[in-house]
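The following pair of complexes shares a single chain, chain A, combined with chain B in the former and chain C in the latter.
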Partner chain A sequence: MKECVIHREEHGHLDILHLDGSLDAYSFPRLEAALNQLRETNRNRVVLDCAGLDYISSAALGALIGFARRAREQNGDLKLAKLSPKIFNIVELLGFHKILEIHNEVDQAVKSFVG
Partner chain B sequence: MNTESALCFLFMLLSLALAGALFFLVARNRRLRAMRDAMLQEKEVIYSFVHDVSEVFIGDGSADMDQLLKRVLFYALRTAKAGAGAIYLRGEGNKLEPRAITGIFPPLSGRPDPGIDRAVSKSQHVEDMVRRQPVVFGEGLIGTVADLGTAELIADAERDVRVPQYAEDFLKVRSLVLVPMRFQQEVMGVLAVVNRVDGASFVQSDLNLLQSLADQASVSVHFVRLREALDAKQRLDRDLEIARKIQSLLLPKHLPRIPGFEVAASNIPALEVGGDYYDVIPIDETHWGLAIADVSGKGISGAIMMAICRSIIRSTAVGETSPSEVLRAVNRLMRADFTEDMFVSILYMVLDTEASTLTVARAGHERPILFRGDGSRASEVVESPGVAVGLGLPEQFDRTLQDRSVTLRAGDVVVACTDGITEAMNARQEEWGVENFLEAVSVSASEGAHSVINNLQQRVVRFIGEAPQYDDMTLIALRKLP
Partner chain C sequence: MGHEPDNQSHGGMVTLYTPLNYSYARIIRQAIVDLCVHAGMSEFKTAQFEMAVDEASSLIFSAQERSAPEIRDAALPGELSVRLYQDGDQVVVELCHGGEPLEMGESASPENWFGEDDLEATGLFVIRRFVDGLSYQRGTPLGHCLRMSKKK
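What follows is the complex of A and B.
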């Protein structure tokens, strides 16, 4: 079991969460807490920088959809950036790329938030 | 001076001495009585404490940690005449969680809270504040007591830099005692009390008494914790047993015979039972449905989702030769029972034995692989777009999903699996991967569907070796007889 270290970077009205490690049932609650905290403070524009992510369980991906949906209800969104080929495979296989916005670079994801 | 007045003086002196002695005796007596009362009170406190702690274990044998801690805290406050207190227990990782709070116990980590003025119930608000702030082992007053395992008496807390100084009167910490709760060599938590009700400062004897209370309580806490762990393990074992039973009931006992074809399948459940499923369903005289699915939940909830999924596929499959139509129906009917992080990846294929075609619809599942039986050992991935059942909006699901057909020739083998196979890991955290999968199939494809399944299963089990199996491993293979 590996941990996931989350480093938050404030970027005006949006937040970039840099993920480092693995996201599975064991480590997901930490990201969940971070996302919940953002939502509680009405910060609904989030980019997950997945460059340092070496594994994500399908259940963790499922939970991200819920956050994205709630963020969209508040005019925000949850977007993914810098996925490794391996993680993109999982995302693509399950069809998550049809539901979550995915960008090659963090900058692109940041710019895609308009207004 | 005559003898009479001398005697009178002596008498007066004597009565004065006597009165002094009497006064001294009465005062001493009173002091002794007060001491005796205090000792009796302490004795009573300890007796009733020991009695109360033992009470927790009497009865049906189910010991409740929160109730135990509440009692311990009640007696701790009574012993030390403290106005408020809390018990922190070591939880997950390096955190100490407040498990019992009595009175207005101010946060000792001293973070300002702007909401306090607006709060309707101040005491509830303070308690919520404390409960929301677990203490990190080794940090702050509580964390340090837990880390070092030594008690701390801060008689004059208003002059101590380690204690937060609040402006609000009801949050002021005037005096404070913290004692570790130890069992054998391990610190399990910290008992903290603040502010004597009589306004005096805590003294060393308060600390001593609290420490002996904490020592007594720690034994009970240790055993309740053991019992909780045991109960949780038994519940989990029971859950797993039920989940396994459900799963084994849902998987087909025998696969039907399909004219001109051979079909084989296998399922190796993981220790935690992952929620995989496969099925072979007669649709009409010349059509057969082959399903393989992976539910995102584990344990009982996963098994129940799987049961629902199986029933819906079975009931919609009959008479329907388009696999994407079946999956659309499954998505429509299942969504209602899903929480937002639940989903099922399903591969559903319809075999037409007359036309010798296989039509595939893929809802977020691993793609099936077709191995040509013409001796070329060529393999191709059968591609079709789709998202997992339960993900996104229904319109999105319906729009994305498409049927794709392939023609099967003599000796061709189609193999499908769940991610438990390709993502199987060995002790060195290496993945088995698609390459190994393809290799295993290509060497056995000419020997038939059963041989393909056996070979895959053997190889992946050998690869995993001693490492624990994290996910269910499910396989299904179809071969057109030469």
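What follows is the complex of A and C.
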């Protein structure tokens, strides 16, 4: 378990946030800051690369839903990619797969914005 | 550490004492994951219980933050005790804390989650979704005690 590191990569009109570590109540403000920065600059098409994510709290999931809902109002969205099986299991049992779009690969998530 | 999971209960118990502070949540999570692995719980169930315990810890820390300054200032190391043990076919965690008691009210399903609003209701939803047994007792000799259990 390690502190979450968030690396932002601009990809044309969308942004990919690469997450590495645990998004718990202690590190959650980092995600909040990253999302706020995107919101303030009207960057509302976001893919979250969760390949390195080993834990996510309800607060972080709530922040993702909040961002996705606001982004959709402006024809944007926030999509998840490369969830580990254990985190996908959590997300599915909590019903998040009905609210947030989830892709196996980052490339798929990026292309889904174009299509 | 090279040992196979031990599926037998030996009556052992692990107890942690931490300050009521978010920065200790990761230590608690690591302890619950280690115990679940030791007990032979599956990876998925371990992750579910890890999240439930983490949400419960966060609710306790959050209640402490909201409490009156004189209570918060009186917070001392050891105000949260975490007891972890196996009981037959289940793993049990007891979180006993001082300060403000939790309000074990309504929980909110994800359709009703929005940003950082109402974290208590979302945390309670996760806890109730992922544990098999849940009880909360106020004012015991050990403080307010939240007991959660999950079958292996």
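Points to keep in mind about this one:
We take it that the second predicted complex is superposed on the first by the 112 of 115 C-alpha atoms of A that agree within 3 Å, B and C clash if a C-alpha of one lies under 4 Å from a C-alpha of the other, contacts with A are read in each partner's own complex, and residues count from 1 in each chain.
The working rule: a contact is a pair of C-beta atoms (placed from the backbone, for glycine too) under 8 Å apart; a residue touches a chain by one contact, two chains touch by 3 or more.
Source: prediction; values computed, not measured.
More chain A residues lie in contact with C than with the other chain of the pair chain B and chain C. Contacts of A:Ser22 after superposition on the shared chain: chain C is touched, whereas chain B is not. Applying the stated contact rule after C-alpha superposition, one finds that A:Gln108 touches neither chain B nor chain C. Using the contact criterion defined above for the overlaid structures, shared-chain residue A:Ile87 touches chain C, although it does not reach chain B.
With the contact threshold set out at the top, residues 58-59, 62-63, 65-66, 69, 93-96, 98-99 of chain A are in contact with chain B in one structure and with chain C in the other. Per the touch definition, chain A reaches chain C in the complex via residues 1, 22, 24-26, 32, 55, 57-59, 61-63, 65-67, 69, 85-87, 89-90, 93-96, 98-99. Partner chain A is touched in their complex by these residues of chain C: 22-23, 25-26, 29-30, 43-44, 47-48, 50-51, 54-55, 58, 61, 109-111, 113-117, 119, 122-123, 125-126, 129-130.
Interface residues of chain A facing chain B in the complex, by the touch rule stated above, are 58-59, 62-63, 65-66, 69, 93-96, 98-99. Interface residues of chain B facing chain A in the complex, by the touch rule stated above, are 296-297, 340-343, 345, 363-367, 385-388, 391-392, 396, 400, 419.
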